[in-house]
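Notes for the one structure printed next.
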Amino acid sequence: MSQKFQPIDASAVPRFAGLPTFMRLPHVTDPGLVDVALIGVPWDAGTTNRAGARHGPREIRNQSSFMRAVHHVSRIAPYELCRVADLGDAPVNPFDIHDTMDRITGFVSEIVAAGAVPLSAGGDHLCSLPLLRAVARDRPVGLVHFDAHSDTNDAYFGDNRYTHGTPFRRAVEEGLVDPTRTIQIGIRGSIYGADDMAFAEESGMRVVYIEEYFELGPAKVVEEIRRVVGSGPAYVTFDVDGIDPAFAPGTGTPEIGGYTTHEAQVMVRGLQGLDLVGGDVVEVAPPFDPSGGTALVGATLMFEILCVLAEARAKRGG
Amino acid sequence: MSQKFQPIDASAVPRFAGLPTFMRLPHVTDPGLVDVALIGVPWDAGTTNRAGARHGPREIRNQSSFMRAVHHVSRIAPYELCRVADLGDAPVNPFDIHDTMDRITGFVSEIVAAGAVPLSAGGDHLCSLPLLRAVARDRPVGLVHFDAHSDTNDAYFGDNRYTHGTPFRRAVEEGLVDPTRTIQIGIRGSIYGADDMAFAEESGMRVVYIEEYFELGPAKVVEEIRRVVGSGPAYVTFDVDGIDPAFAPGTGTPEIGGYTTHEAQVMVRGLQGLDLVGGDVVEVAPPFDPSGGTALVGATLMFEILCVLAEARAKRGG
Amino acid sequence: MSQKFQPIDASAVPRFAGLPTFMRLPHVTDPGLVDVALIGVPWDAGTTNRAGARHGPREIRNQSSFMRAVHHVSRIAPYELCRVADLGDAPVNPFDIHDTMDRITGFVSEIVAAGAVPLSAGGDHLCSLPLLRAVARDRPVGLVHFDAHSDTNDAYFGDNRYTHGTPFRRAVEEGLVDPTRTIQIGIRGSIYGADDMAFAEESGMRVVYIEEYFELGPAKVVEEIRRVVGSGPAYVTFDVDGIDPAFAPGTGTPEIGGYTTHEAQVMVRGLQGLDLVGGDVVEVAPPFDPSGGTALVGATLMFEILCVLAEARAKRGG
Amino acid sequence: MSQKFQPIDASAVPRFAGLPTFMRLPHVTDPGLVDVALIGVPWDAGTTNRAGARHGPREIRNQSSFMRAVHHVSRIAPYELCRVADLGDAPVNPFDIHDTMDRITGFVSEIVAAGAVPLSAGGDHLCSLPLLRAVARDRPVGLVHFDAHSDTNDAYFGDNRYTHGTPFRRAVEEGLVDPTRTIQIGIRGSIYGADDMAFAEESGMRVVYIEEYFELGPAKVVEEIRRVVGSGPAYVTFDVDGIDPAFAPGTGTPEIGGYTTHEAQVMVRGLQGLDLVGGDVVEVAPPFDPSGGTALVGATLMFEILCVLAEARAKRGG
Amino acid sequence: MSQKFQPIDASAVPRFAGLPTFMRLPHVTDPGLVDVALIGVPWDAGTTNRAGARHGPREIRNQSSFMRAVHHVSRIAPYELCRVADLGDAPVNPFDIHDTMDRITGFVSEIVAAGAVPLSAGGDHLCSLPLLRAVARDRPVGLVHFDAHSDTNDAYFGDNRYTHGTPFRRAVEEGLVDPTRTIQIGIRGSIYGADDMAFAEESGMRVVYIEEYFELGPAKVVEEIRRVVGSGPAYVTFDVDGIDPAFAPGTGTPEIGGYTTHEAQVMVRGLQGLDLVGGDVVEVAPPFDPSGGTALVGATLMFEILCVLAEARAKRGG
Amino acid sequence: MSQKFQPIDASAVPRFAGLPTFMRLPHVTDPGLVDVALIGVPWDAGTTNRAGARHGPREIRNQSSFMRAVHHVSRIAPYELCRVADLGDAPVNPFDIHDTMDRITGFVSEIVAAGAVPLSAGGDHLCSLPLLRAVARDRPVGLVHFDAHSDTNDAYFGDNRYTHGTPFRRAVEEGLVDPTRTIQIGIRGSIYGADDMAFAEESGMRVVYIEEYFELGPAKVVEEIRRVVGSGPAYVTFDVDGIDPAFAPGTGTPEIGGYTTHEAQVMVRGLQGLDLVGGDVVEVAPPFDPSGGTALVGATLMFEILCVLAEARAKRGG
């Protein structure tokens, strides 16, 4: 097995120095050299209201310099378990949704073919669809979905069926996601009409609305996640707007009344042991995040997911 | 009965398009056409420290484009229950407190006379006084008051008795508010002296200081609200500084250590079934809210109040 | 002739009060009632880098409350010369460039058919193309083009030919703009290659690069504008990035080293007497303009253009 | 003669250390100890649109820590010429215009009675009126007035005659300012009506509109100032909105197309030799100045005025 | 006993008026006149990443104008119990760590020698070390340490042993702090390696990691603090990054997932009755706090600490 | 000769995509592969007031994605003339001035030894000293110095002789810079005392104070630069605070009244033909530049310098 990459040590080289790669890891272009591929997807062409998530990967990379090497609770040391590096950005085209989805799927498919798992920073939530097309090509995966919105609408502004409000309906229709192994956590906000959630509920998704979330608390939600997803392969997608906008204001469609970052951390840590095959953090929109605080949230969640994903990847071996 | 107005649908016309009326509803000038009148009161002449709430109505209207049509928990569909529209702004004069209070009272009295209930966006908290003069002209009302401050002081800077720190003392003195049917929630912050709360307590108001609030939790506070207010007519006033400044920084007199937006939502939802006759959201100060996040909180609370207010109005019929 | 609309007087009603229509004019939906139609085009689907101009119309309307009624230099009183009102926003679809261009052209064609001239606030610079399709349907028009960029590129990211970097190449190809009656003012910034300006120069456009601009000064540039455009019908398009980013930072593609706002004003005033048939102000991007200062620049330029456009419209009569 | 106060030396004690007094001078409460009294007037009750200048003195004090001891062009060393100190803030009441004007006049009258000249940081432009009542009690003074607005309107929102749009009309009416020895520099912006400037022009003020300003240039404007004001006592008032908002965005009523800070400095330096008896810098509004840059402009202009004012005061002796 | 100083009353003089001293108290230079000395330490030379805490004292003073006179829960009236004033800033040198630490220790030693207790606003966390050298010169003190980081590292960037990541290791080594009477609350964030916490744990400090914190809740943590610290002399140090960055974003090393301000207040109030001999609030970094909200948190915590510290000081008498 | 590196083409890959290297060039670690080495120096340990320039290289790299390939005026195509790449950051230590200066000199000496010329982004102005130690080791160089400050002071806060206010005094003393071939452009701002400029003037530097600058204008200043520097080797250093803070607010020591960015560009272009051997752009401080506009100025100036530097390097051959 080839080299295990190490992040630059912030007690030796200050965090503000050097090129801002994810986690201060090396930039590597050959997916065969990694087990976990950190990638950016700088694309928000699916956004229905406030664009800006296209700038997410840059700023998440920038803020990820705050991360260190070992998880302080689980004691997972991802860079000891796996070869992890920054594989750069997926190719994108701001003007062509289908062309870009194909490019992203192609880019990630090479990673998957090389035996690595992708962990990406978006981009808006439509980015998850081409990622799932690569990761779940061979069989549907379970889905752990943190979000304020179900993203299972059908179409916008006429017959536009590929937007950041529709990816998981498409993913179910395409057989990429098993709705009965899907759980959505934090759904809230006023709705267009009484049947907004019909697809999610009728397809068999487990929807933890924010009210139920607050009743259960994060520990019990973790139990529910584990029950729903089970032992099969699963993908985790984290839309930062699941978190309350006091903690993560820099996003396109904020909804007040969400969970805290600490609770988000508890829930992601609870994924330890699941057979994770990929993940993403989406909807960090730097133009609405002048302080960079939301990108720091995104970078920290990416590190949290990395820990459980690297452990899953290491367990599968290869 | 005339037309029930519908907000512009954000899945058909993007949220950023069009004139920013409250909730994307039509701008209507005849109060006879509505059951619930959404109005702005762009006035902060009662502010003792940081002015800026005069710009509140514009920015709350702007952010209210994020709202949709149906409440996702209570399933209340306010635009099915009532005729709701944007009635524009009350007339104001930044230089004359008494003249402006008379103008506001006149503007709202026409709404009340037409059989509609007002729901306003301030403006500083002094705005509530002229609103109450219109709404409670015939009999005192109960008061559900969310705030970090009791606003029952007597005078500032000499003998200035009409400021945003005094409206509810004046309202009790004028017989507009029944202090024994009044509850204040979230009061906190260092005080001028040991007797700051004497008026509130001696007049019979139920004061839920923030410490008691955290002991009880929002569900029990809702019970207490319902017990105090009872079945008579009641007015709800929401000062955004009741909420913690992490969630609502854009206000003139922030006090750390408040409740969350989710808790605020739970409490407002708990007003369902009260005989509400009007409401307001005040002290959103856009110059201190560059991200617009506090205005989004204000707009969402306005939608939450609208749901319970529309239901109350529909129940009374007419 | 029907009513001449007047803006709300800021010495009677404070500027921060009321719905933010353009110039505080009434919102009118029948184009037959106006001579000059102020419209918004909230659309930035042609943006190659930093999106956000979709939010331009709202914030330009907001800041246009600073405008008063009469031009202090030319003494033009546009609301005495013409019927001017806010006609609202053109219909847009963030996901479909051709569909939206058709909708915009349709919306503006109705205005033109009613005998009115359009003055719009964008939106990115691609918005000018569908506007020109409506305004110049019957014959090519001259073009006064203020900008840091020529916007005569051919395609981006493969074969995407309709972007904010290409509208005037398309407009010439479609016969909407007469390149020999076109002048571009302020072109600057590093270039992709030595032939970037080939289309503009070979088609016969008069390009005043920023260096020549600074040599000539605004007064002589005005002479050059008048010489090039001549007495035929002309359209004026103002990209705020023509102005130096110190004065107008809130835009997607800033280029340092531009002209000042005062110089911009001098040049727009110099259009007095031209046979103007429409105009636009584009590329104000509020997410990059937290202070609103660029939107104020946009609103003031819109008022400046309104003065010369209203005079031209009045002169043509009808 | 008592002690000449020295500012804290920034090469000995860092600029960010210590209490932020004006120019890092001592805080002195006895006006008898100074020749030039630097004061704050934290009051904006005359503001017709965007309040915030009440916070000006604090932030100007803060930014004045950037100032050093000697003028680099004129070589004036004000702290060698005069006893200069920070006399604190005038007493104010946000709710009572007449009461506060009386208090300010009283506060400044004590300074004048002690033989000192006041140099104040506002506050909005209404602050100049009570200052002039103290400084010009015995005879009218000439006025050097830098501003985008003439501030000679009559009344707002009905019959409110004391606002930041009216002080110099009142000052002429009260015999405090000699209009024939008054010059206004930089007037611009759209106007309410054709007769907006009637009072200024008919009373004999010399108005240098911005267009004439740009024709003449600052050096010739200085000549004109000196010609108009002559050798009698004169007061200088600098509204930061005279400067272009690119340089001074943090103000309540920005008008694009103004002069630069360098040009402002040239003009203030041109006052050397006039018999100055007081001055002010007004309309710095920190809520609209998140970077503090406008307060730095205000502090630097205050230092520029201090140099010419101290020299004038020293020349008069006493 | 000499005069008990009173803060300026905000119901008499607006909060925005006057020089911004701590709590609007008088600036006093003789430590013999006070029992509790409020001081600033404008110094961040120990910062490993984002500097800016050098500007903390100014902005904390500014925001402390929001404070009033009496604690609303404990009813402690610190200005009745003790003579409290603003003693100004400790002398600092941005270029010399050891020289500055000596100066700070000297400055505070005079305060201690005069019988007063210091309560300081930093500055970065290295400031606590020279403060402890003055306060704990004669015997080690217990330490109540609120923070996201243990600050017990050994060295950075080679052999730099005096940084904001090392003060409490040094303090233990120097015999200033008794590690067995030390408690750290809120420690979290990814770590450099598995032995990051070895010094803290092996020296006997009680470390309440954030996970344990959330299990226990603030009330039980208070019990633990009281158990660990006992009845001996103790010092309280509050790094604002212990609080979640949603509540206190303006700091150099934010770590998501912390406690709320309300919880922080509960814990500080729980120190009532301890034999406190000094305290500090550190790591407020205004360049990362454009809204001033973190400085308001800092000022409020300073007031909270003042209450329990003044009571302890009064109890000891003298 | 090895490969000529090309920047990523923004008409093929959007500017927001990919790792932000300088000018979107490859990151190369072997100095032997380049003729011009673009480097970062993330270090501000010499800052006397507002730190933050340590973050400059990251943000300048980020904004440099706006740059294209060819200069639009001079038509210089630097990537055709020379091998240009991003060599990463010099090693730094925030706690040790002399150690870091040695490291920077070592890092740059390797570049120089390989036959390349360095063009760096700071960092504060002290960074220029270790750069000059590498570049001018063998003989003194001429200096073109754009700045508001002379930076020829002797010491701060006692005997600290290596700060951002002293580098060019040290450079002359060390024989690195020939003061008679040195020109400083834009010097301004109040001064500590009458002899502040004694060293600069007595050593023979040509000082173009801002007043002379405005008299001469940039074209004549270019002539003066060329006359002073002559045909020998020269280094160009650009402190962004030479530019007016309206154009470049994000810097530690702003001084109002500077030149525009366009004028700066004209002057840098005027260096064409000089025998340039290195350059730097310093004092971009991102914490004071929330919009990134100052970093864009820095990146554009870096591109401007690159053009004239690459041409000089190509002319020397090798």
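Read from first to last, the chains carry the letters A, B, C, D, E and F; within each, the first residue is number 1.
The criterion applied here is as follows: a contact is a pair of C-beta atoms (placed from the backbone, for glycine too) under 8 Å apart; a residue touches a chain by one contact, two chains touch by 3 or more.
What you are looking at is a predicted structure, and each value in this text was computed from that prediction instead of being measured.
A.B. asks: If we look at subunit B and subunit D, which chains touch each of them?
C.D. replies: For subunit B paired with subunit D, the chains in contact with each are C, E, in label order.
A.B. asks: Looking only at C-beta pairs in contact, point me to the busier pair out of C-D and B-C.
C.D. replies: C-D
A.B. asks: Where the CA atoms of subunit A average out and where those of subunit E average out, how many Å apart are those spots?
C.D. replies: Distance between chain centres: 38 Å.
A.B. asks: Multi-chain contacts in subunit F: which residues touch at least two other chains?
C.D. replies: Only 13-14, 16, 48, 50, 54-55, 94, 156-157, 244, 246-247, 288, 290 qualify.
A.B. asks: Thinking of each chain as a vertex joined to the chains it touches, would you call that graph a line, ring, star, complete, or other?
C.D. replies: Contact pattern: none of line, ring, star or complete.
A.B. asks: Can you name every pair of chains that touch?
C.D. replies: The complete list of chain pairs in contact reads A-B, A-C, A-E, A-F, B-C, B-D, B-E, C-D, C-F, D-E, D-F, E-F.
A.B. asks: For the complex, which residues does subunit D have touching subunit F?
C.D. replies: Residue positions touching the partner: 9-16, 66-73, 75, 77, 244, 246-247, 260-262, 265, 290-291, 293, 296-297, 300, 303.
A.B. asks: Within their complex, state which residues of subunit B touch subunit D.
C.D. replies: Residue positions touching the partner: 44-45, 47-48, 50-52, 54-55, 93-97, 99, 156-158, 160, 163, 287-288, 290.
A.B. asks: Help me check something: in the complex, which residues belonging to subunit B touch subunit C?
C.D. replies: Listed in rising order, the residues are 13-14, 16-21, 27, 40, 42, 54-55, 57-58, 61-62, 86, 88-89, 91-92, 94, 290.
A.B. asks: In the complex formed with subunit A, which residues of subunit E make contact?
C.D. replies: 48-50, 153, 155-157, 165, 187-194, 196, 209-211, 214, 244-246, 249, 253-254, 256-258, 288, 290
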